[in-house]
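Okay, got some structures for you below.
Two complexes come next, and they have one chain in common, chain A, joined by chain B in the first and chain C in the second.
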Partner chain A sequence: MTAEPASRTTSRFRPTGSTGAPHSGGRRPPGASPRPRSFLRRLRDQFGIYLFLLPAVAYLCVFTVYALIRGVMLSVTATRLVNPDGGRYVGAENFQYLIASDPFWHSVVTTLLYTGFTVIAVVLLGTAAAVALDARFFGRSVVRAIATIPWAIPTIAASLIFAWIYNDQQGILGQGTRALGLGQPGWLTDPDWGLFSVTVATVWKAFPLAMLVMLAALQSVPHELKEAAWIDGATRWQTFRAVTLPHLAPTIRVLTLLMTIWSIRRFEIIYVMTGGGPIDATNTLVVSIYNTAFADQHLGRAAAIGVLALGLSLTVTMIYFVVERRRERKGES
Partner chain B sequence: MTATTPTRMRPTGAHAISAGRTLGRILAIGLLVVFAGFPVYWMINTSLSTNADLYGTGQTFLLDLTNVTGWWPMIEGVPLLLWLRNSAVIASGTALLSLFLALSAAYALSRFRFYGRGIVGFLFFSTQMLPEALIIVPLYALFAGYGLLNNHGGLILANVAFVMPVAVFILKGAIDKVPHEIEEAARIDGCSRGRILLSIVLPLVLPSIAAAAIIVFFDGWNEFLFANTFISNADLWPATVGLSSFLGEFFTPMNQVMLCAMLFALPAIAFFLWAQRGIVAGLTSGSVKG
Partner chain C sequence: MHTTRRTWITALAAAVTGGLVLSACSGGDADAEGGDSSGPTTLTIANWQFNDTEKGRTLWAAIEDYSGPDENITLENVGSAFGNYADRLNTMLGAGEGPDVMIMLEAQAHELADAGLLEPLDDIAEEMGDSLNGTNESGVILDQQYGFNWERPTYNTMIYNQDVLDAVGAEVPTTYDEFIDVSETIRDSQDAFDLPQEVFGFAGRHQTNELNGWILEMANWIYGHGGELSDGSELTIASDANVAAVQAHLDLFASGVPPLGDDASTFRAKFGQGQIGMSFENSGVATTMATDPDNVIDGTNLGAAPLPLPNPGGHSQLLITVNADSENVEAAKDFIRWFLTDEAQEAIRLGHGASALATDVPLDPEFAEANPWAEQFIESASDSRSTLVAGFELDSVMIWREFLTAVEELRINGGDIRESLEQVQETVEAELGR
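And then the complex of A and B:
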């Protein structure tokens, strides 16, 4: 057995894969057939390498792997917050309870809606802003700085600002819509509007990172190709579709994956603005884990929600890598 | 009006289209600036409003700079400086421990092929999927047993688990770009891998280390969930928890809240704008390849 399977696994998690490139080899030139060596010999040779990894890996083993295992174990117990170590084993009871409960399914739908809208809006707005700010114009650096600030602002500050803008009595947004004769919904107090308001705040906070990443990616689009399209009489939109977009596609896909994963687990901006309310309107899975654990004090049930939320993230990631692999194969053949 | 955009290749009549397009673009960029900038402007505006403005006559749309005199009494009214100090301690600890752990791991992932490389890579990546809210329940139980609740050290330990992998991605991306040949000579001279990392690779990736340090520091600075759960003693609160307490049961005037939020956000904004290019380069080379 050679190290080949391991490295192939790695390349799956690094979309444009650096495996096979000269800099990732080190031990032997890529493509050369490995000298037959015994497993133990190789392991001994590699001992020094493992020493480099040991601190970080051991750390993660304690604080995420072990904690995750404990979390999964908690999910099959009836543990309460007052006695976190003394939960009775109840098998799949927590999961059965959740599957039969309407608030849980409401929470799943809320998570999907929140994630879907956030990701679509962030990727579209981020890409559009990047394209707009890639062109040269007077004052571009100032505009770029302003558009970057939401990314730099701590989430807690963003949550406080939006809570104030959305405020029912003195909030500027309600005053504005009232002055325009549009009426004033309770942005954070009306269950029909809560999720929308929280999503807008999230998009505000998250789109600049997408914009910056897309701006960086735009630099890799060869100028000659764009010019060639120009000369052939393509319109701007056609040039964008045919030349720019294909170059951005891999970045857009990775960005979509990361934004999705981050949205599924995003907690703070929602929790600080609404705490999951009004009437559960913004109670995403992650917020409901927290409320179940620390308000309802059901640690076991909270862990069960967490396991299901993690399953959702894993599913999304798996879909991404399956699609990416299929695409890679298509590109190769 | 002649448009400044390249129109030489356009057929006749393109001028009108071009002017319309320029106008459209100005409008789009204007909307972008308002969307991105207004909440920040409103934070500043609110901090410069008096209580009478906010809760009586109504907040004025323009900044009233004469109200700057109200800032100091508002700062003195809350333990903001204590909170900021706690945040700085937590963030520094998070940054130091993360970079220490990340550097050698990034080097190993970048330079060596070994059994389990895929698993290790996945371990680092998977922390980006893990909901903190799931981990927090068992961590709470674990920390309670070791006296790590109400303890900045415990908070740092929890933060590092989630931000250190990000530092690994960034540093791995940077080390990938360091040419191999530079290390070959040292290896022939009999340098150990540790020496090579510290005396040859480290100086070459210093800019990326700085970018990673900023990201990791402000992850610690901004962290809320663990702090809110593990720290119940108000004297140990970082600013995130302190600020969120303003929305709780006690009434705090919004100008004071916004002033504190602004002072808390200021270092983050300054560093992120200053080091933006390096940070984005780090993030893109590590996790998002352009």
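And then the complex of A and C:
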């Protein structure tokens, strides 16, 4: 193949390096710099793109941006739930109250503990389950299907089932520990166990999603690389560490970020099982927002908690992106 | 060809987007039914009870044929499940929407009346005069009548399983000491029962994850021991009577008598199956338990007696109210007028079982004969008290939540009751900016 002469690029196809703007008449002299397109022309060219984006942007503006702005505005007012437009501007009073409040900081710590334990357990369990179910064995499809059931069960139903499992009197868990002579922990009635019990239920409910994501990621690991490692005498563990894990790392990082954000804002499973109790042991920021807004009717203060919780989520997200950016600069996967 | 297709798709997207924007911008008055009081009008009425299986059907059947003075009214049930009922109503009314007529707990009525979202009904109270009983005082908020008694399921009553008491040879307790004796006798006499499961002397709520229900039950302990959470102007959370009440509550729950960890639905199911001796219960639940054919408890072995405490206890109060922002305020008020007539009160009586109503309409004779325990609830409703904290009505739930969280902490971790309640008082006062 030989390169085509420049004179043959005028009819139908855009020559390399041109702007793609149609000629308005006559040919531009060879070597002339491309004429800049006007703003209106660019707008006209891209109008369709913006039009297609408009529904999504409108949705985001109404249900996210407006809600966010309204939440921030509410957070500096004293507003009751039943009179949302009748709030009184109080400046930073709500934030000052929260920062000086022990229960608020207890909620922050509870949220961090719940999020930390949940994310670590979900990602580890999900990855382990994915690796196990990636291997070939008889009945693999059935086991995969069974393993996804917790994710498919509605959260409220799962919460009620766990509440029954944990029930002090009839719960199967208590019966088991009693039969083993281990006594009867108050799974949902003892503050030392409350957070643990809710975390276990959350992990059970959330790990199948992590497993499915990791399973998909495992499919992308080139088999030739594994084979090469085996030929070089690597053990299964060494192959996993040196070949598989580096391929999974980006997925694990994204999964960790998503699980962290979801855990910070998780509500139903905690509220249904404990309502934030016993003695505030599971009173995460989101449960606290609900109780402040709907039980205490302090919409302004609840919004202030929401703003601070948003700050927590944003901090986690920013840390993720900073770490990601550094990795990119270093050329790591 | 490509250009033409792209133009069409772009135009379609523009049309869809425009439609979405227009529909979002259009107001909520598309459904303006019932705006004209002379034409056919649909009156929306919200009550979570209509969604209950048996009771809901009976109550709805009692009112659904109402057609108003001009025979132009149709009722529409827009209630939701109890779990999110109050939240939904608050958010709807806060946005200027909501049903025309609403049944709600009195705490919510105080919040909504304070926000100007309920229609004053003083003219109806005046018209009805002496036909209304004292329970309607609960509907007087800020010196105006904002609601009438839809149902008062009083908690000021102890229900008991006569078979359980008979099995251990116990009499119905009338004092607190007798109550403790009987409870402990049941706990210690498991051989007397022909059941594979343990039989408990008493059961009650004791966890903050059932906050609203526990408030109603704890009020029995506080009021029953002569306590109050306020004197009308100042909080009295750490008073001697309250300390004594909390001490009694904690002692009982530490004695092994009640099933720890059971929520209300669990211990009520146990009561229905003959596994609970006594409970401080409300009339609605007693009616449901006694009439459930799957239960071993029925009208013959269910008993009801005054609380074995020195003073009367609390009650739950449901009020019927009118939405001030309704387009059908007059039609809604006509419905309230009808609701307070003897005809309507008799019609809803069967659905409400043993609860006190807005007028002194007697129990349904057939029901009363099958359920001799029911009359006690009517008597108990006459002196039971609201769980709203006097002088702090709008912050009642918050005050009770702090109080009950402290009680829960004392039950689990122990500690000095007075110190703990003093701490609650400080916390609540700080919260209220006092």
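Everything that follows uses one rule, which is that the second predicted complex is superposed on the first by the 294 of 333 C-alpha atoms of A that agree within 3 Å, B and C clash if a C-alpha of one lies under 4 Å from a C-alpha of the other, contacts with A are read in each partner's own complex, and residues count from 1 in each chain.
Note that contacts are C-beta pairs under 8 Å (C-beta built on N, C-alpha and C of every residue); 3 or more make two chains touch, one makes a residue touch a chain.
Predicted, not measured: the structure shown is a model, and the values here were computed from it.
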item	value
Superposition on chain A - do chain B and chain C clash or fit	clash
Partner chain in contact with A:A157 - chain B first, chain C second, else both or neither	first
Contacts of A:A309 with chain B and chain C, given as first, second, both or neither	first
Partner chain in contact with A:F321 - chain B first, chain C second, else both or neither	neither
Partner chain in contact with A:G186 - chain B first, chain C second, else both or neither	second
Touched partner set for A:F196, first chain B, second chain C, both or neither	neither
Which superposed partner A:P84 touches (first chain B, second chain C, both, neither)	both
Dominant toucher of chain A (residue count), chain B or chain C	B
Which superposed partner A:G48 touches (first chain B, second chain C, both, neither)	both
Chain B clash site on chain C (candidates 78-86, 204-212, 384-392 or 420-428)	78-86
Doubly contacted chain A residues - partners chain C and chain B	48, 52, 55, 84, 167, 170, 294
List of chain C residues in touch with chain A within their complex	6, 9-10, 13-14, 16-17, 20-21, 24, 86-87, 90-91, 93-95, 111-112, 114-117, 207-211, 259-262, 266, 394-395, 397-398, 401, 405, 408-409, 412-413
Residue ranges of chain B touching chain A (in the complex, touch as defined)	6, 9, 21, 25, 28-29, 32-33, 35-37, 39-40, 42-43, 46, 54-55, 58-59, 100-102, 104-105, 107-142, 144-145, 157-158, 160-162, 164-165, 168, 176-177, 179-180, 193, 197, 218, 221-222, 224-225, 229, 239-240, 243-244, 246-247, 254, 257-258, 261-262, 264-265, 268-269, 271-273, 276, 280-281, 283-284, 287-290
Chain C partner contacts - residues on chain A that touch it in the complex	47-48, 51-52, 54-55, 58, 62, 80-84, 86, 167-170, 186, 188-191, 273-280, 291, 294-297
Contact footprint of chain B on chain A as seen in their complex	3, 5-10, 12-16, 18, 22-28, 42-43, 46, 48-50, 52-53, 55-57, 59-60, 63-65, 67-68, 70-71, 74, 84-85, 128-129, 132-133, 135, 137, 143, 145-165, 167, 170, 172, 175, 204, 208-209, 212-213, 215-217, 219-220, 230-231, 233, 236, 250-251, 254-255, 258, 261-262, 264-265, 267-268, 271-272, 285-287, 289-290, 293-294, 299, 302-303, 306-307, 309-310, 313-314, 317
